[in-house]
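Taking it in order: structure first as structure tokens, then the write-up.
Each chain carries a letter (A, B, C, D, E, F, G, H, I, J, K and L) given by its place in the written order, and its residues are counted from 1.
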Amino acid sequence: MEKKPHVLVIHGPNLNLLGQREPGIYGTLTLNDINNKITHSANLLGLNVECVQTNHEGVMVETIQQAVGRYDCLIINAAAFTHYSIAVRDALAAVNLPAIEVHLSNIYKREEFRHYSVLSAVVNGTICGFGVHSYILALNAAVSLVGGDRE
Amino acid sequence: MEKKPHVLVIHGPNLNLLGQREPGIYGTLTLNDINNKITHSANLLGLNVECVQTNHEGVMVETIQQAVGRYDCLIINAAAFTHYSIAVRDALAAVNLPAIEVHLSNIYKREEFRHYSVLSAVVNGTICGFGVHSYILALNAAVSLVGGDRE
Amino acid sequence: MEKKPHVLVIHGPNLNLLGQREPGIYGTLTLNDINNKITHSANLLGLNVECVQTNHEGVMVETIQQAVGRYDCLIINAAAFTHYSIAVRDALAAVNLPAIEVHLSNIYKREEFRHYSVLSAVVNGTICGFGVHSYILALNAAVSLVGGDRE
Amino acid sequence: MEKKPHVLVIHGPNLNLLGQREPGIYGTLTLNDINNKITHSANLLGLNVECVQTNHEGVMVETIQQAVGRYDCLIINAAAFTHYSIAVRDALAAVNLPAIEVHLSNIYKREEFRHYSVLSAVVNGTICGFGVHSYILALNAAVSLVGGDRE
Amino acid sequence: MEKKPHVLVIHGPNLNLLGQREPGIYGTLTLNDINNKITHSANLLGLNVECVQTNHEGVMVETIQQAVGRYDCLIINAAAFTHYSIAVRDALAAVNLPAIEVHLSNIYKREEFRHYSVLSAVVNGTICGFGVHSYILALNAAVSLVGGDRE
Amino acid sequence: MEKKPHVLVIHGPNLNLLGQREPGIYGTLTLNDINNKITHSANLLGLNVECVQTNHEGVMVETIQQAVGRYDCLIINAAAFTHYSIAVRDALAAVNLPAIEVHLSNIYKREEFRHYSVLSAVVNGTICGFGVHSYILALNAAVSLVGGDRE
Amino acid sequence: MEKKPHVLVIHGPNLNLLGQREPGIYGTLTLNDINNKITHSANLLGLNVECVQTNHEGVMVETIQQAVGRYDCLIINAAAFTHYSIAVRDALAAVNLPAIEVHLSNIYKREEFRHYSVLSAVVNGTICGFGVHSYILALNAAVSLVGGDRE
Amino acid sequence: MEKKPHVLVIHGPNLNLLGQREPGIYGTLTLNDINNKITHSANLLGLNVECVQTNHEGVMVETIQQAVGRYDCLIINAAAFTHYSIAVRDALAAVNLPAIEVHLSNIYKREEFRHYSVLSAVVNGTICGFGVHSYILALNAAVSLVGGDRE
Amino acid sequence: MEKKPHVLVIHGPNLNLLGQREPGIYGTLTLNDINNKITHSANLLGLNVECVQTNHEGVMVETIQQAVGRYDCLIINAAAFTHYSIAVRDALAAVNLPAIEVHLSNIYKREEFRHYSVLSAVVNGTICGFGVHSYILALNAAVSLVGGDRE
Amino acid sequence: MEKKPHVLVIHGPNLNLLGQREPGIYGTLTLNDINNKITHSANLLGLNVECVQTNHEGVMVETIQQAVGRYDCLIINAAAFTHYSIAVRDALAAVNLPAIEVHLSNIYKREEFRHYSVLSAVVNGTICGFGVHSYILALNAAVSLVGGDRE
Amino acid sequence: MEKKPHVLVIHGPNLNLLGQREPGIYGTLTLNDINNKITHSANLLGLNVECVQTNHEGVMVETIQQAVGRYDCLIINAAAFTHYSIAVRDALAAVNLPAIEVHLSNIYKREEFRHYSVLSAVVNGTICGFGVHSYILALNAAVSLVGGDRE
Amino acid sequence: MEKKPHVLVIHGPNLNLLGQREPGIYGTLTLNDINNKITHSANLLGLNVECVQTNHEGVMVETIQQAVGRYDCLIINAAAFTHYSIAVRDALAAVNLPAIEVHLSNIYKREEFRHYSVLSAVVNGTICGFGVHSYILALNAAVSLVGGDRE
């Protein structure tokens, strides 16, 4: 019997405030609501999923490092770290796992400094602008990426 | 009985060469193969889909204009036009239909001039880097966007 | 009996959507309404006027080329092409007809990329920000330019 | 009986030298000649017009400030101030009167620093490149702007 | 008996319009109201204060020059001059009096050209964004600066 | 009986070294000395104040997050984080509490990279260059901000 | 008997005006004259040559696409498209035929925006500044490139 | 008997403070001392000289304008205006008198914004860095320029 | 008997992955291997050495702060933090210990963003590109720096 | 009997290493081989040719200077000097001989700093990317340039 | 009897062509003519002068180095080297002799790359735009500089 | 018996002035002193070393070229050439010998133009900021590089 692929979803700084923070931009769902939706969709897609959130760059770096051997794919919404954390970039490049960059909002409609991601060049692909559905699309993408690796 | 949502997939310049052109970047599937996969997935997702390709900016502009009233959602891989066609941007902004920007390759791993899209700020969201699967994810996104409008 | 000067008004991409497209920026008049107003004013000013619209850069280039010998003055609202079409610029420079650049909206109140025109340096003058009245002012300017050449 | 709209024409630094200064760029008319032409056209258009010239930024600022309640529309050729006087910009923004930016020469054919205006974003529209006729066109524009407010 | 420190408050161009000009940004108090509040607070803080306003760069330069020997501290809201008047900067550097830069609005929330001050490097400190209270805080700062010099 | 407003003062990285570190720039007071002065002034102003210091971006982010409901106003000297921590910026924007940016030194007299703050656009106002007195002025500003909200 | 190599010469927008347009820059020969000279030289060099001109970017893209299997080498003077048409660049990169970029004038003596070519990095080499002789040199270059492939 | 050439020396903003202002940069001579030295040297060189100083841009503009017909040559130390006053530049260009730009200090050893002069392109030549002797050298230059015109 | 100088070697984020991460760039030695080589060389050079690694910016800042009084010299490979952590820079500047910046790879052969170090201006010197030998060279440099201070 | 035109071919720094240096970029021919090919082709074209190489900018400058009166045309591959030697540019501009800029490799496929030539604006034309054949094409161009002058 | 000050005049690359090269910019005098004028003026001013010219950067560097102890002042027209030779700059900074930068033409009226001098920050002052008279003015400046040092 | 590796140390322009030139930056040792120290250390490390200095770019280029076959490793302090000599860069890239870039001073504490080296990307590694000890460290690095190649 085949083992289900394991996917780790990493939420970055201030995403723990979802539902409270600027609902005009981020919607009214809490992070818990979102994680429930992610888990639900993952189940339908035959994926094991775990969700973590951190406001600490170092913790994000180590979460990525420790994913090796335990997860088959990363889905990462690095939030503010997207735009300057070369440490997170280096971690993603180092572990060499399939990885998907996700954003809730369309970052190209916001401040100019949010248009540039230091992570994009070291992930497989990016999905941005679909609200919580960005994560669900990323799970679909994970199926295609991890499936590709497994067959 | 509810009408299926209609989705228009627009492929930009040189995508008619897919399968021949730089397979290291774009894969070996032809545009026909891709359109078949798109149609197949659309059926599964309960969408009506039509696929067009053009190498002419003016045709792309008019294709977008004429989508009003005939399609519920646009999926657009504008290829080279992504990076300079303000005319295509203005068309997307003018018709005000849900729209999803798609790229086969991860444009952030390529030449620097491909990192900037003039379209991103006027679409709902972007999906890039998953090869042909980028289109399938966009169909999923379309379901959520058009569904969101219909419920 | 003196021949009336002939003026060609060229409308660029997406201006065929006027009245539908972003009325907050462009007003509620359709292109037809505008052309009627232009024709009406031209008559009062003793000008023959013809109005064309195109979404195709190549067509705009050739419309300009073919104006030589048939028109005495060009009035051009190149819309999106204003900002990147060096082909349109070269056509204007090549035909060497009196030419007036027109914009409906005040482009300096909009996105930064709309502040720069590749055409301005090869026309006689520019008029921008007065809505449909921009065209009427351009007709007045044409009278002064073409009259200046004819006396 | 309806009161005629009052228009104030403001000429900026060094325009008092017109006719003497670089006639290849600015023509051979003196400022007096131009003001006479402006007054003549204003009469035909049913406008009351007053023309002032100053070489002092502070005087231009106060002229704009004091126009409130006395004039219905401003026509301003700020000359050199166009390119750096944020004080003039702030004055125009503060008084919130209809305002039209005018240039005699086509500033886009001249030195690069003349291509940028700090005023354009706070006026209704701009007219540039038609020599003395730029002012006459601005009077026409004023009719449309002030008329729009009066009807 | 100790002499009270003398403080000169200098208001720059267009601040004479306060209360009328863009109240969404600057509030509804007139300059007179503000000067009254400044005087009231100065009295409480044991300061002699004088308030002047000018729309003329040259007058501002000379006001700063002539403060030497008559005032112990300058509080300056240079308004538009903040962003380009090197003459005002040179005057501040030349007189070498304690000086405090003040802004009513948070200039970092406004147009990008307002984010840069040519004065900041030659004053003791800056206070910005607290409306009329910016001046009151500057008076407090003056107490600490002039007191520091006097003890 | 009215509750005193609660103010949280957040000191950023390396400020725990105050008194030792580059006294030419930062003065000879230790952070403890400064906190005592802050507390003393807060008492005089009728404010409850708490002071925290951290060298960890993640801790600063969470300190800001957890201020909601416990403090009425934030005073933040983010030190080095001022110039690059978008995570801190996002936290400030998310909690939507009145916030005041403070700097001991005049950052405009120092290295060019210190002239730019990523935080300024999301706080109410900034105070910089008055040494320890910058904090006292910020307490005064807090009185005006929090008082403004309470009356 | 060996087949002669086939070379396609592609002339870009506004080159159909040659002989009329800015003869100071482009000379007095018409495009027909030039094509005759090209054909004459090609015969001497043992090449089959065909010459096409288009003002339409999309037509140029498709002309390049359809050259595969029909021509052994491309000579392209993309005129204005040189400076912005990434679609033409992508077509050249996709067909992977030997290609030579040609310019009549020395583009480095003209406006700064003409100094940059988006095509140069995807052709074999460039020849510019020799008037009609640029094409003859390109034919010589074609002999060396195609000969190199045939031996 | 030949008329002596007339030279006008124009000192810009804050130069009235010479001797007091930053003597490390500008020396200890007052403007009066300098003018005396200038007059003394002018006499030796057979020149009539007049010296004026102003802190007002508008006055400097008009001083330049009114020099026509009264002076044969201008020597101008525009001080701060050097770096931004396009109005002064336009005045110099308009009067078309021989003109010499002078600076006391070596502006290339100072802040970067002082390295750029908006005036240099419209004067005959520049002399900078020799303290008061810069003016004496300019008088010598004037002899050669005005003499050159007279012989 | 003289005390041996104490040297602290600080390894930055993701260096704990050495040997696993991109061996083409960083070699196959693990961090443990490298620390053993460092210790071995330090012994030969008469140095006491301690090696620490952290993925947390805040920990690196505090490690530097706490080195005062316990170490005579710092050797720091800040990895990703090299390029943006002003907090680490401020810590190095504050403790004012001899410090040596080290890189395993030649950062000038890698992505452009790795060419710039925010730390270089506050250390004594930099050594980069010699793999693990970069650390050994830094120990030699430490001998010269600390010896220089001690003799 | 007509004198053959004399052409001087100037090879710049490090071209004496051809055949050894980076054959992937420059091919396996030595400079001697190339000079033989050049001489052979020159003979066929009825040209006298001389070839020189230098690694010294000053020697290149003087070689260009001394070509006046001795050569009818220059062919120059300035190698590294292409990108920064304004002295070589000035020499080319000063001698005012027909001159052709040549590059072996396609400089637009290499490092970005090689995309810009300080020489292009002062030569007749440029030929780049055809390996040794670039020189042969330049000889052909020389025939057309010098022939044009001689007929 | 007092020794006359010794002045070395250094002419840079291509100045040996003066009189032949672009007389519209540089005049018709040969370098020999200019040196004679310099010597003549130096005699009148009580200076010993020697004039050298070189096209070689290394020779210019060594000429500057060897001036120490033999000359009291340098007058340098570095021509093209002005704009990029940091080696010449370092030589001037190292010898620490009074030095005057000279240009024949007004470099601010020429190509933009000629507006920037790498030498200006390490000389005493600059004189530019007065043709051969620039050197005579520099001799005058030398008198003031060397006299200043000797008294 | 094994041959000792041969190392060539190349000193660039103005380093012959060491000990005289700006001792605050470069120390008081002469170049001779430094070469003696280098030779002494080389002997201890089992290296044959030769030291050369040149102020001529062309000589440096040829010194590098001629090192092939005679030296096993280059140590280069290119001084001013570091920042612009692409000819030196090309020579280093062409000879493909192990090479080490050295600087006496910490170039990152000096003028901004000294922060960028055109050489770094073509050497093995760089060492900067340790005064004469930079060379000794480079000798150590050479041992590791040449040893690495020989085993």
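Rule of thumb we're sticking to: a residue touches a chain if its C-beta (ideal position, glycine included) is under 8 Å from a C-beta of that chain, and two chains touch if they have at least 3 such contacts.
Fair warning: this is a prediction, and the values are worked out from it, not measured in the lab.
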Graph distance between subunit D and subunit H, where chains that touch are linked
1
Look at interface A-I and say which pair in C-D, A-B or D-H is its repeat, using the rule that over half of the contact pairs are identical by residue number.
D-H
Can you compute the centre-to-centre distance for subunit E and subunit H, using the mean CA position of each chain? Integer Å is fine.
32
Which whole number of Å gives the spacing of the CA centres of subunit G and subunit K?
49
Between subunit H and subunit B, distance of the C-alpha-averaged centres to the nearest whole Å
64
Multi-chain contacts only, two chains or more: what residues does subunit D have there?
56-59, 84
By the touch definition up top, name every chain pair that qualifies.
A-B, A-F, A-I, B-C, B-G, C-D, C-G, D-E, D-H, E-F, E-H, F-I, G-J, H-K, I-L, J-K, J-L, K-L
Touching subunit I in the complex, subunit L uses residues 106, 108-109, 115, 117, 120-121, 123-130, 133-134, 136-137, 140-141, 144-145
The subunit L residues in contact with subunit K across the complex are 12-14, 16-17, 20-22, 54-59, 79-81, 83-84, 113
Under the stated contact criterion, what part of subunit D meets subunit E in this complex?
56-59, 61-62, 65, 84-87, 89-91, 93-95, 118
